[in-house]
Structures are given as C-alpha cells and as structure tokens.
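Chain lettering (A, B, C, D and E) follows the sequence in which the chains are written, and residue indices restart at 1 in each chain.
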Amino acid sequence: MVSLADLFGYAFLVPLLMVLSFVIVGLAGTRLKRFEWGGWLAVGFAGAALVVGVLIAAAELMDPSRYTNVQFTWFHLPAAPGVFPNGFSLVAGTLVDPISALMLLVVTVVGFLVMLYSIGYMHHDHGLPRYYAELSLFLAAMSGLVIANNLFEFFLFWELVGVCSYFLIGFYYEKPSASSAAKEAFLVTRVGDVMFLLGIFIYFYYYATTGPSGGWAANGFVFVRGTTPFLAGAMGGQSTVLTVAGIMILGGAAGKSAQFPLHVWLPDAMEGPTTVSALIHAATMVAAGVYLLAVTSLFIGFTSTDQLAIVAVGGFTTFFAATMAVVHPDIKRVIAYSTISQLGYMVLAVGAGFAMVGLFHLFTHAFFKALLFLAAGSVIHAVGTQDLFKMGGLRKSMRVTAAAFAIGGLALAGIPPFAGFWSKDDVLSAVYSQLPSHPAYWPFFVLAVAAVFLTAYYIFRAWFLAFSGDKPRDPTLPHAHEGPWVMQVPLVVLSAFAVGAGLFIFWPNFQGLLLHGAGAAGIPPVYGPADLALSATSVFLGVAGIGLAWALWGHGKVFVLADSSPVQPLRRLLLNRYYFKVGFDWIGAKGVYTVARAADFVDRFVIDGTVHGFERMFAELSDRLRRIQTGVVSDYAAYVVAGLIAVFVLLLFVAPYLVAKFGGG
Amino acid sequence: MSGLPIVGFVGLSAALLAVGIFGILTRRNFILLLIAIEIAMNAGILNFVYFAAYTGGTAGLTGQAIAVVLVGFAATEVAVGLAIVLALNRLRGSINVAEATELRR
Amino acid sequence: MDVASFAGPFLPEILLLAGTLLVFLLDVVRVRRNEVVGAVTVLGMALALLFVLADLGFAPIAGLATISSGGIDTVPSGTPLYAVTSLGLVFQAIFLLAGLLVALASLSRPSRERGAPIFFGLLSLATLGMLLVAIASDLIFLLLSIEITSIATYLLVAYTRRDARSMEAAMKMYIIGALSTTLSFFGASLLYGAYGTTNLYAIRAVAGTGGYPVLVLLGYGFLIVGLAFKATLVPFHAWAVDVYDGAPTDVTAFLAGGSKKVGLFAFFLVFLGPVLLARTAPSGGPFTNGAVALGPVLQVTLSVLAVVTMTVGNVLALLQKEMKRMLAYSSISQAGYMLIGVAIGTAPALAGATLQMFAHVFMKGAAFLLVAGVAAWGVGPLIEDWRGLGTRRPLTAVAFALMLLSLAGVPLTIGFVSKFVLFSAAVQAQGYFVWLAVAGLLNSALSVFYYARVLKVIFFEAPAPRSEPLGVVAGASEPEVLPAGGFGYGRATAIALAVIVIVAVGVYPQPVLGAIQAAAQQFVSLGP
Amino acid sequence: MTLPILSLTILTLLVGTVATFLAGSRARWVALATSAVFLGEIALIFLGFSGWPGYNGALVPGFSESESYVWIHLSWMRINYTVGVDGISLVLILLTGILQVATVIYSWGESKRPAAYFGLLLLTCLGSFGVFVALDILLFFLFWEAVLVPMFFLIGFWGGPQRRYAALKFFIYTHVASIVMLVGLLALVFYSGSSSFDFSSVYAGARSLSAVPQTFLFLALFFGFGVKFPMVPFHTWLPDAHVEAPTGGSVLLAGLLLKLGGYGLIRWAVEVLPSGLHTAQPILFFVAFLSIVWGSVLSLSQRDLKRLVAYSSINHMGIVLLAIALDSSLGLIAAVLLMFAHGIVSGLLFMSSGSVHHTFGSRDIASIGGITPTTPALSTLIMTGSLASLGLPALISFPAEFTALLATWNGLSYWVFLPLAILVVTAAFYLWMMQRLLFGTPRGIPAGAHDIPWYEGAGMGILVAFTVLFGILPGLLVNVIVSSPIHGWPGP
Amino acid sequence: MILEELAFLALAVVALATALLALLVRELVHTILWIAVFFVDLSAIYFLLEAPFLGVLQLGVYAGAVTVLLLFGIMVTRKRIFSREATTGIGAVPLALALVTFIFVIASVGEFSAGATVHAYDPTYLSQNLFNVNGPWLLLLGLIMLGAVGGAIYLVREGRE
C-alpha cells in the first residue's frame, strides 16, 4: 500500500523537475518555437512540480507531526583538534515538515500559475527561452530553499534565488534602468547575504560542540526536529555573540525581504516583467527572508534583544513602506511598497515570537499579492503603461481583472472574510499579546496598526485610479481588453485563494500544521475579548482607508495637492523615497568610486612609482659610475693606488674593528 | 758586521715606491711611465736584497736569488713596454697616454 | 731519478711547452698557415687536457694518469716551488678548456693571416703560464707564472698591429699590469721580510702559529691589489673594460674566460692559508687591534671587496649600450661572486667558486667568441645592432641566450648550478656569510636587468632596417638576411661545446661537481 | 612492479613540449595530444592515490606516490630527484591538467608562430606540474624558475603594445622574489642542520628549530612566495603582465602561476615552520587583508576588462593568504579549494576577456557595451565567470569561499567582517562591469562582429563544466585534500 | 760603522733625488741621464749590502741595457732628441696618494728592531741556489722572455713594412 507519506522522501523532485526544465528550455528553447519557445514545456514541468508539491502538502496535512529528513553528505572533514573535535560535515538534503510543506505549496501553486500566466503575458517579448529557463531555475532554487534541511544549503539556494532575481529583473537588459535595477537588487541583497553568512558562521562555531548528538558539526548542522530551539536548550539563552548572530540573520532577512534600511531595491526591481514581480518579488523570494527568520527562530532561537530588533525593523518597515506607497503614481511600485509593508507584518510577528503567525500571513499574502501583481500585469498588458494617472475606466473593458484586483485589494486591506484579514489580524493580536511583557514593542505595534489604514487607502487609490471613471485619462492609450485565457485562469484561481486562504485557519488539520510547525513556541494566542476589539479596530481602519480613497479618487477623480500646500514637502520626500536611493547611489557612485580612483592613483604612481624610482636610482648610479671610466690610463692607475690605500684601511682599521666587534666568520 | 739603519732602508724603498707611483700617476709620456715603473720595481728589489741581507742562511740566499730574477724580469718588462711604445707611436703618432682615450665610458 | 718519474707529474706542462715551442719554430720556418699552427696548438692543449683529466682520475682515461693519487694532496716537505694538488689539476683543466675554446674558435680566422704562429704561440704560452700558476707553491713562482700569462696577454691584445684601439688597450693593460706587478712584488718582499720565506706552505705554517706583524698585513694588502688586477676586482677593474672592448674579441674571450681565473686561483693559493689557519692574535703594532686574528680580518676585507665588485660591476653594466662592454662589466661582477668562495674559505665555498670559474669559461668565454663571430657578419658593436637576430639566426641567438641565461643564473644551466652551490655554501657557513649570499643573489637579480634587455633586443625587436649586412645592396634584397656562411667550423665547434657543457652540467652536475668538491676538500685539508 | 607515474608524466610533458616546438603547423594537434595523455596520467595518479596497487607510496612518509633518485651528492649537500604527491598537490595537478587542455583548445586559432606558442604553453604547465610534485628544494626551485622563462616569452612575444615593459617587469619582480625564496630555502636546509634538500628531512629538521630562526626563515620564504601571490604592495607586476599577455598566457598566469605561490607557502613554509607561522601571523593577516581590500577596490576603478580581472585575482589570492595564515586545518583546506576555484574561474574570465578583445578589438568596458545581442554565447560565459567569481552557490568558488570565511571566523572572529564586506565590493565591480559591458544599448561594436569561434567556446566550456561540477560536488576535491596525512597541521 | 751609515744616507738621498729628477726634468734626455745615475747609485747600495753579484748585475742590466733601451725608445718616438716633455704639473691627488702609501709602508718599520746583522753571501752559493733549488724561477723567466721576444719582435716588425 503506497501511502502519501512515502512522497516525503521525494520532495527533491520539485527542484529537480524545475532544473530539468531549466536545462531543457535553456539549451533547446530556441528550437521550441511551437511550444511558445519552451514556455509550455516549463508550464508542464511546473505543473508536475505542482502535483508533487500539492501531494506533499496534502500528506503533511494528513499527519502534521511528521518530520522527514533525507540527506547526503556534501563534504566531510575528518576530526581535527580545535573547533571541530568531532569533524565537520556539510550535508545537503530535504526536510519535509509542516512549514516547508506549507511553503512548498505556496511556491508550486504560485509558480505554476505565474508560469501559465506568462504564456499570455510574455507572448510578444523576445528572449523567451531565456525567460522560461530563468524562471524555471528560480522555481528550482526557491523550492530547494524551502525544503533545505540546513542553514548552509539554505544559504546556497538563497543565493541562487537572488541570482535568478537578478537575471529576471534585468530581463529587459537593453534598458539601462533595468540592468541598473538588477545590479542594485543584487548588491543590496548581497549586503544582507554577507551578514547572513556571518550569522551562519557564528552558529556553526557555537554549536560545533554543543549541538545534538555530540556536536552539531559532525552530522551537518541539520535542522533537527525538536521541541525547543537550540538557543534555549544548549546555550541557555542570552549571549552577546548569539545576539550578534541573530542580528546578522535579521540583516540577511532584511536584505532579501526588503526591510528597512535595505528596502531600496524592491521598488526598482519592478523593472522586470510583471510576472516576475508577482512570483519573485511578491509571493516567494522576498518572503524567503521571513521564512529564514521563522526557521531560525524555530530551530535555533533568538535572544530577546534580537527579538526586539526584529520587531522594530518589522514594525517600522510596515508603516514606512506604506507611506511611500501612498503617493506613488506607478501601479507596480505601489504594490511593491505594499509588499515591503506586508513583509514587515510578517517580520513583526516572527520577531514577537510567533513564527507560525508570520508564516500564515506569508501564506495568504503570497496569494493575494500575486493576484494583485498579475492583475496589474493584466492592466499593463492591456494599456502598455504603468502610470496610474494615465489609466482610468478600465473596469468596463476588463471586468475579470478589475474584480481580481478588487479582491486582492480587499484581502490586502484586511476586510473580512478575505484572506488578509485573518492573517493580519493574527499578527496584530499576537503582537498585542506580548505587549504586557514587552512594553518596548508598543511603538512598533502602533505603527503596524496605523499602517493598516494606509494600506487600505493606497491600494484602493490605485484601484480607483485604474478602474473607476469613464475612460483613460490619457487618450493615447490603446483600447484595453482582457488577456487570453491563460492570463485569466490564474487570476480566477488566485482570487479564490485570496478569498478563501484565510479560512484555512479554521480547518483543524491546517491548524495542526501550524501548531506542529511551531513546536512548543509561537502558538497563536487564543482569541479573547481584547482581540475582538483589536479586530474591530483594524477592520474599521481598513474601511476608513477605503473610504478616504473613495472620497479622494472615486469615480475617476484626481486629487491634486496644491503647490503651496504645507504637506507638499512631505509628498516630495515620499516621492523621493526619503532620499534613500539618492543616498545609496551617492555612496556607491561618488564615495566608493572616488576611493577606488584614489587607490588606482596610488597603485600607479605611488607603488609603481617607487619601483620606477628605484629603477631611476640605479640608472642614475650607473650613469655616475660610468663617468669614472675616463679612458685616461693615469686615472685608472690612480684608482689602483686609491684602492690600495682603501685595502690598507680595511685591513688595518675597519676589518679588525668589525671582527673585534662582531666576531669573525 | 753590524746593521745599517733599518728605518732608512725600508724608508728608502717606501719612498722609491711612492716616487714611482707618483710618476705613474702624473706623467703622460709613456717612456717616463716606464721609468717610473722601473723606479717602483727597484724599490721591491731593494727590499728583497735588504731583507736577504738581514735574514741570513739559505733563506737569505733565496732573497738575493729573487732579486736577481726580478732584475731580469724588470728588464724584459721594459722591453715589452718599449715594443708597445713603438707600435703606439706608429699608430697614433704620439706616446702621450692621456691622448689615447678612444676606449672610455 | 729517471726522466719519466721527473717529467711524469708535469707531462701536461711539458706537452704544452713543446706545443708552444713548435709553434714559434713554425714561425721561424715560415709555416704560417692559420689552420696548421692552430691545429698544433689545439693538439697540444688537447693532449695536455687529456693528461690533466687522467690525473684527476676521470674514469675512462684514468689509466693515463701520470700521478698516483697518493702523490698529491700532501703538504710538500721542504720548500719546493711547485706542488701538484688536485684543486690545481682542476684549475689546469679549467685553464686548458679556456685556451682550447679560444684556440678552436681561432681556427676559423682568415688563414692567410701572417701572425698566426705568434698568436697561437702567445696563446699557448699564456695557457702554459696559467698551468704553472696552478701548480705553484711558492709566492715568487706564482707571481712569475702569472707574469708569463700577463706578458703574453699584453702582446695578444696588441696582436692586431694596425688597430689603434687594440694598441690603446694593450697600452692600458700594460701600464696597469706593470703597476700591479710592481705592487705584488713589493708585497711579496714584505712577506719575505716578515717570514723569511716565500714558500706558501711555510708561510701558512708560520702564519698559523706565530701571529703577524703589521708588515704582514701590508704585504697581503699589496698582494690583494696586485692579484686584483688580474682578477678584475673593483676598483682595480677600470682597465679591464677598455681592454675587453678594445682587444681582438677572441683575445677578450681568453682574458675573460681564462686569464682572469689565474688571479682568482692565486687568491686561493695565497689567502687560503691565512684565512683557514691564522686565527691567532697578532703580535701587536701601531694600527692593529691587539686581539684580532689574521684570518677573520682577511675574510672581512675580501668579503667587502667581493660585494663591492659584484655590485659595481652590475650597476655599471646596466646602462651599457655596447655588447662587449656590457659583457665586460658582467665579467667583473662575476669575479665578485668567485671571490666569495675565498672569503668564506670552506671547502663547499671553494668548490662553488671553482665551479663558478669553470662555468664562466663556457658562459663568458664562449659568449665573447660568439660576439666575435657575429661581429664578423657585420653586426655593429652596439646591443641595438643585434636587433632581430632571433629571427634571422635563431640557432646563434638561442646559443647566446643560453649563455646569457646561464650568466643570469637561470636553472638548468651551469651558471645556476655554480651560483646555487656557491650561495648554498655561503648559507652553510652561516654567520655573516649568509649576507654574502643575499648580496650575491640580489646582484644576480640586478644582473637579470641587462641580460633580459639583451634578450629582449635579440628576440622581441624587429631587425634594424638600416644595418645592411655586408655584401647586400641596400634595398636590393630583403634586409633580414645576413650573409651566408656561419662561424666557421672551429668557432662553431667551440660554441657548440660550450652550449653542451652549459646545459649538460646544468642538468646533471654530479660528475663535475663531485670532482671539484673532492679536490676542494683535499685542498682545504692540506696544511700543517 | 612499480610504475614511476610522476616521472613518466614529467617525461610526457617534456617530450610533448619538445615535439610541439618542432611540429610546425601541426603544433596544436601535438599539444592537444600531449594534454590528453597528461589528463590520462593524472587519472592514473588519482587511481594510485586511492590505493592502486603498484605504487611505492611509503618512500616519502605522508606522500601517497613518490619516487626518489640520487642527483647531486656532496659531503655537505645531498640533493635527490624526489617527487611525490599528497592531497594538496593532487588537487593542483588536476587544475594544471584542466587548464592545459582548456588553454590549448582555446588557443586553437593562434596564428603567430603557433609551434612556439603552444610549446611555451606546455612548458609552463610542465613547470607548474613539477613545482607541485617536487619534494626536493633544488628540484622545486628549478621547476619554479622553469615557469618563469616561458611566461616571459609568452608575454614578451605574443603580448600587447606594452609587452616588453610588462615582460621585463614580470621577470624582474618574480625573479627577485625567487632569490629571496632561494636564500630562505637554503637557510632552511643548513640552519636546520640537515645536509639533505629532501622535503622529509628538511621537514624533520626545521620543525625542531626554535621560534626565532623559524620566524626569520618563514618571513624570507613568505616574501618569496608572496610576490607570486601577489601580495600588496608587491603586486603591480600582475595587472601589467595580464593586460599585455596573450590570452593563453593570462590564463596560465592567473590559473597556475599564482597557485605556485600558495602551494609553495603551504608546502615549504607553513608545514615546516609552524612556530614561524605562529609568530608571523599578524604580518600575514595584515598583508592578506590589505590585498583583499586593495584588489577589490582597485577592480572597481578599472576600465580594462583584463585589468579588472587581474585585480580581482589579487583580491581572491588575498583570501587564500588569509586562509593559509589562519593556521588551521580548515583554513588550509579552504586555501587549496580556493586556489583550485580561482584557477578555473579566473581562467574562464581571462579567456572571455581575450574573446572580447578578439571580437571587438578592445577590452575597454567604458567604450564598448551592450554586447549581449551580438555575442550571446560570450555574454553568457562572461556572466557565468563573473557570478562564479563573486561566489555564487553551485559554482566552484562558493564552497571554497564559504570554507575560507568559516575558517576565518573560527580563527579571527569578528575580523571576518572585513573580507565579508569586501564580498559586497567584489559583487559590485562584477555587476557594474556586466551592466556596462553586457547590458544596455549596444555601443562601440565594430561592424561584422560575430560570436566567438567554436574553439574559444569549447575551451571555456570545459572550464564551465568543471566550475559547475565541483561547485555542486566540492566533496570530491575535499576528500582528496583530506585523504592524505596532513603535515603537522596544528589546528587553531 | 758610522761611515757605512753615512754612506748609506748619502746614497739614499742621491737615489731619491735622482729618481725624482728623472721624473721631473723637462728634457727627456736628461731624464735618461738621471735614471742612469739612479741605477748606478742603487748598485752602490747593493755593494753596501754585501751583494756584489747583484750590484754588478744592476750595473749591467739596468745602467747599461735598460738605459740604452730607453734612450733608443726616446730617439724613435721623438723627432728631436732634446725635445721637451709636455708635462702636466704635479697634481695634489697623485701626490697625496703617493704620500699616503709611503706613510703606510714606513709605519710598518716600527716592527723591526734596529741594527740586525748584514750577512754576506758568496756568489758561488748564490749561483747554486739560483740554478739548483730555485732553478724553476729562471725557467719561468726564460718563458717570459720567450713570449716577450716573440711578441715584441712581431709588434715592432710591422713598423718596417
């Protein structure tokens, strides 16, 4: 009898299928014109991966307490005295547990849908084999990351998804802005990666001897199923170096998940195709940072200082990103800021100690945010611009899209019963439950709650600008129409998820998944009266935000702020993204590059100059000495006699002195 | 037979050597140079004779024998020098050594 | 005492003497064909070399040996003037090889030249003088033997009678040489005055036990200067550059490859005793520090001279534009390396220095011979004029490159092995001698500059269009072709021989090095 | 019956080199055949390494395969022809084989004196192989210098416009360094009271020296090997040599020559002078950090693609030095891995720089750009090389850099942040280079430019294959490195 | 005793003076004159030192042969026999060098005790020594002369062609 659980060992099939897709499409894509340049092939593989992913998730849902680890040794160093008394192993393997199953479900579902959507959306672009190959590789790396069973392997895929993101952002590489954005994305996340790496090192070092089974190092730092994180068990809580490690992990997560202050790259990453934004920069890759924090908090644990830092970053980013979304005219960037903001919620939840709550929000957010992006993509596909102020009235010609966007917006705004409500409410109430014991969380909690209002406002501002009214504000726009079925099906499916994903929480098996994933820590708090009040507040704020948006932008209105308005400087500040990008560019272009030029000068003229100086010195010396070769034999005789006297002086005075002083021989 | 003044003899040979060196350094006429070399050479020969006289025995005889050989050698050297003088004079029309500076630097 | 047993040990010298006399006799009977007299000379030298090698015990010809190995390497009793040591035999071999190379190459000179008997006669006479130096055990014998070589080489330099340059060179060499000779004999007289003997072994014995007066220091000072002339140490080198430049290039090859080593071997003979043995304190005097032994003082002095010599030689070579003068300066700096061996005075160091001299015959001597051959093609005296030789005459260029690389001490060449052994010995001696090794190695690094520059010109630069080779009308044919014909068989043989030795000994030095090491070991262990 | 496989390999390369020199227009085939045989022999060595019967492994303790013959025996110096391999050398030998075959194929179209060109390439590889197997100081030095000469000619004859200057500079820098190194090696022999130049006796003798002489010896050796690394501030020969060298020369220069320094430091200084390393550690750290920072920052300001890659080599070799200086087994493993990785990756990058030059007549990334539509294959290869060089996982540099940095953390704790931060700069200059050269609107592209010829692609393809293979399975290399006894690695 | 010392003193002064004069006079012929006197004076010193054979040899070889040779050289190279040497002054540096050398040598004299005995030798023993024990010296001298004669004649002979 084959049971679903037998599938757990085959989780590696998901990345493997996508690698196959990458290889086949990458090598043969140019000859597969009939299959949409390999696109259909990629969809097929993604479908197969979806099947595996769904089956695994289903199996895990059936029995949420399972942890299935399969691994092989990557490389092994024999025991040596010092840090690794039991040897040192790096392993690669798959770990199917509640949270990875959950993530796998998200990745395969959204991945498949986006792949399908791309068939229609990307149809007119060049370089499709590259696109599908890279997208396949991304899915491979992302699913690999999700089921990685140790930090090292995690980091490996983490980097790979970053590179895929780099390539896909720079898909339109002829556009300077695209290649620049790709570079920026890579570099900023690289900063985070570097910190992440240091975090890994610290963990490896500190758990080399103290981890389970005689040293974590010996059997490869595998995330071991357990009820308590290592930090609590092995190291007994607080220590400076572990705090540093936690901060480093936070840095890594902040880079990937675009949290303050490493958030600058994500809006610019919108230079890539919208499908890429939907998959990578909304649903999956950017969520990897949150996933990392969750995994770390579950398996390793954070110190309380770390937790405060995480809460601070998450809470602040929530509000900070939302403010920038408020004024932006670009439909994709509005959603991008919204992504940053929503990721902030997740980080906040993980930081407050509720990893599973964060993951739950991640789960719902993946669907409704992908939905929003795909809907936006549909719009862009139709009208060829991303400028909200040029659009208008699209509701009439694009009903499916308008509805999908609205559903996504409602989910995002946290209006019940849409998915976002349940998860966001969980986040807020989870943090709220910690406030009595951690009063330092208060300001960030308040920011997060305030962000709810802004969220509702900006997403409906976008909706009204794009869809309400009679006709586009820019008459030169082409006549809008819905995309082909391949674009509509994902919208519908995702809409369904956006409506219903939050309701999963009432399914006992799903709850079991969250409970078991969390182990002993991070169980969502039980609802009480205070939570109801909180829910009401957040719903009220959401509705208020929508109302304000309707008031200002409804029916195709355009709200124009007077030039003399006192909030005008604030608007400029927000439009310029708090001048962060300018600052980063200045550091990069002016600061570092100037230093580099100076170093180049030193290299050429000081170091090489010294060498040439020696050369000139010898040449000069040679020239001087050459002049004693006068050609007059009497002079030569004089040298001989002078030499004779010199030898006398040497023999009679200098040499005896030296010998007496230093000893001979 | 008692000794002649020791300082005197070594002094004389040293002085002759110095005169010879002085001549070699300052004179420009090849023949004068030859003469200067001979003066210096004679200083050495004088040394041998002098030290032979004060050493005595077989070793002393050796000194005188050296002196005899050196006298012959010095004469031969002058002969070779003169051959070069003549050849040089033929080629350059001058035996001023300071003028022969084609080879330099 | 029958003739054989008397003449036996000196068979090489006698053979060479016979050759010399025969050549002069040929002149008298007006047989002046270059090939004939040359062949006689080559034959004489080759036979002499054969017996020297046999005496050294080289396996295939050891049966020819005229000296039983027991007959050498013991301190001669009494005060004889000559004693055959195995190191002396090694040096005889070196000298004969140098003479042989030059004689072989000179076979290729124009056969109608009238002075051939004089040239070859003087050449073998000079070589004979060198052989005699190698067996000297008496200061006067040594100096007189050197003078044989000196007089012969003065005349060799002046040998092209109608060339004002070579006559000027002869004049300079003569004057400085005569001055140095004078100083040497003066020094010898002071040593004689101090010790009452001129026998080197006797001096060694006395100096080893009896302390030294200032007179001895002065005597050694004079001798250093006198011998430094031959060995071209700085600052007694100034003549050498002009003479190497002005002399007929084959003679230069002999001067650099052969007669220069005479001075250095004389350093071995004269200074090794004091350096090795005289470590007793002096008897006091106006200038000396009362507690210092003779040996270390001489070591320091010679070390300083060695370092100064190699450094100045190299620095001066850096900017030289003329090929011969560059090689001359390089030759001067090489003398500095060789002197290190004396200054250190251990058997390994002596072996290293000896191998260096052996190598120098084939590197520098052959290089000058090659330069002479190339000059005969109409290539000018400047290094610039050698542009493009690598493409025009690749074989010649490669041979020359090998010699230069060997001089620079690039591995798998004999020059590397010799420097390696020498500097190893310096490090092995420890103390401040390690700094000698460092100085020597840095100098050899400095020397790479000018060797590499020459290689660059030869291999990387396009041939000069203006230096039309002889016999080719400008523009009439492609200017890259030099006149047909090579060096001639003799010169080519000599150069090929040198190249073979450079590479063969560079790859597998054990036979040569082993013999030299054994000889040096025995030489050092001589003594009371 | 023992098979003298190492000597046989040297002989093969020697014969192949000579044959190539004489082969005229067929030189490239001879060179390819030699490379193929060489690879086969490397495979045999690998077999022998894992216990293939018939290898005389026990001759030199600690070396799996070794041969020894008398060379020069004097009373005071005993020099043998001794060769042997252990894990470290084996990895680098593999690198030699890979680079040789890749370079030969890449250079298939060389038209300027091909016989001499291929002959010199093979000679360089021969020298490198010799350095990696030599277990006698003289033999080691000999091969060491033997690498210098062909490289001098490769730069000086086939190089760019400034080739003479660059060749001379290269020769003199490295020669001076080898001199200091030689003094150090000689002193190693004689100060340790040994008359034998063999590794094993020097090893035994030198380790028993006290700390002070060990330190002096170590510093001398470090300088000698360090210039080859190259360590800042003795690095300026490298950019010039690379910029002027022909592509094949650049590849071997970066891929093999720099490794000689690292290998020499490990084999002849770190292993035999533990106390010396211990005392000199601060100096090494300083130099390593300086090189890391300097190389990376300077790469950022370069316009010439080759110069950029050359400076990045300085940066990477700085990490190697850092890993070696850590004095831990993990660090040494990381260093060897890094050297292997850098050899492959920098080879790839230099080949692609060469192809850029061949295709567009310039390597100035400020004046040509947007080449991807014209040359997609080349563009992909450049991207692969750059990403590998900046440490992308699943490519070979990643496990190496990861191990190195982990070892750095273990040894130096928070100091690791410096090389980590420099990783960002490294990423920055590669990304910026790609942005300017590969992406954006095409500019400065000559008419008629077309994608690279098959042989250049094949040469780089080989390297890409190994980049991926060992990137995914670094354990293959690590197992080799750790499988032989590790000489006196004390651990941190 | 005193007489001998006085004689030596006188001879030494004459030797020095003639040597200097030979080098400093402007007429070359006068130079030959002075150098002849110098050689004769040295020969006298040899007699004083009980070395009569050397004294005679000095007279014959130096005062006779060498002087004539030099005179011959002057005659050949100068058109007028009484030509003047275009001398170039004395020069401070050469003078200093010569003086310093002198001082160094004279300083070594302090080593010797004054008034050792002067030994006289029978020329018979001298000849035995010269031709027996130290015979090779003469052989070497012969070789030197062989080279000198052969080469010098070759050099000079060209002049007559």
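List of remarks:
Operating definition for what follows: contacts are C-beta pairs under 8 Å (C-beta built on N, C-alpha and C of every residue); 3 or more make two chains touch, one makes a residue touch a chain.
In this text, all values refer to a predicted model and were calculated from it rather than measured experimentally.
Taking the mean of each chain's C-alpha atoms, the chain whose centre lies closest to the overall C-alpha mean is D.
Two chain pairs, B-E and A-E, are weighed by contacting C-beta pairs, with B-E ahead. With respect to chain A, maximal separation of chain centres occurs for E (centres as means of Cα atoms).
Once the centre of each chain is set as its mean CA position, chain C and chain D turn out to be 42 Å apart. Chain A and chain B have centres, each the mean of its CA atoms, that are 96 Å apart.
Taking each chain's centre as the mean of its C-alpha atoms, chain A lies 76 Å from chain C.
One simple way to say how far apart two chains are is to compare their mean CA positions; for chain B and chain D this gives 65 Å.
Taken residue by residue, chain C touches two or more other chains at 140, 144, 147, 151, 154-155, 158, 161-162, 171-172, 175, 179, 183, 190, 214, 218, 241-242, 287, 449, whereas all remaining positions touch fewer. The set of chain B residues touching two or more other chains comprises 13, 17, 20-21, 24-28, 30, 50, 55, 60, 62, 66, 69, 73, 76-77, 80, 83-84, 87, 97-98, 100-104. Within chain A, the positions touching two or more other chains are listed as 626, 629, 631, 633, 637-638, 641-642, 644, 648, 652. A list of each chain pair in contact follows: A-B, A-C, A-D, A-E, B-C, B-E, C-D, C-E. Residues of chain D touching chain A in their complex: 233, 235-236, 294, 297-302, 328-330, 333, 370, 372-373, 387, 391-394, 398-399, 402, 405-406, 409-410, 416-417, 420-421, 423-425, 427-428, 431-432, 434-435, 438-441, 473-475, 478-479, 482, 489-492.
Interface of chain A with chain D (complex): residues 73-78, 80-84, 88, 90, 152, 155-157, 159-160, 163, 166, 170, 173-176, 178-180, 182-183, 186-187, 190-191, 194-195, 197-198, 200-202, 204-205, 588, 592-593, 595-597, 599-600, 603, 607-608, 611. Taken together, the chain A residues at the contact with chain C in this complex read 618-619, 621-623, 625-626, 628-629, 631, 633, 635-637, 639-640, 642-644, 646-648, 650-660, 662-665. Within the complex formed with chain A, the residues of chain E that make contact are 93-94, 97-98, 100-101, 104. Listed in rising order, the residues of chain B touching chain C in the complex are 13, 17, 20-21, 24, 30, 33, 37, 40-41, 43-45, 47-48, 50-51, 55, 59-60, 62-63, 66, 69-70, 73, 76-77, 80-81, 83-84, 87-88, 91-92, 97, 100-104.
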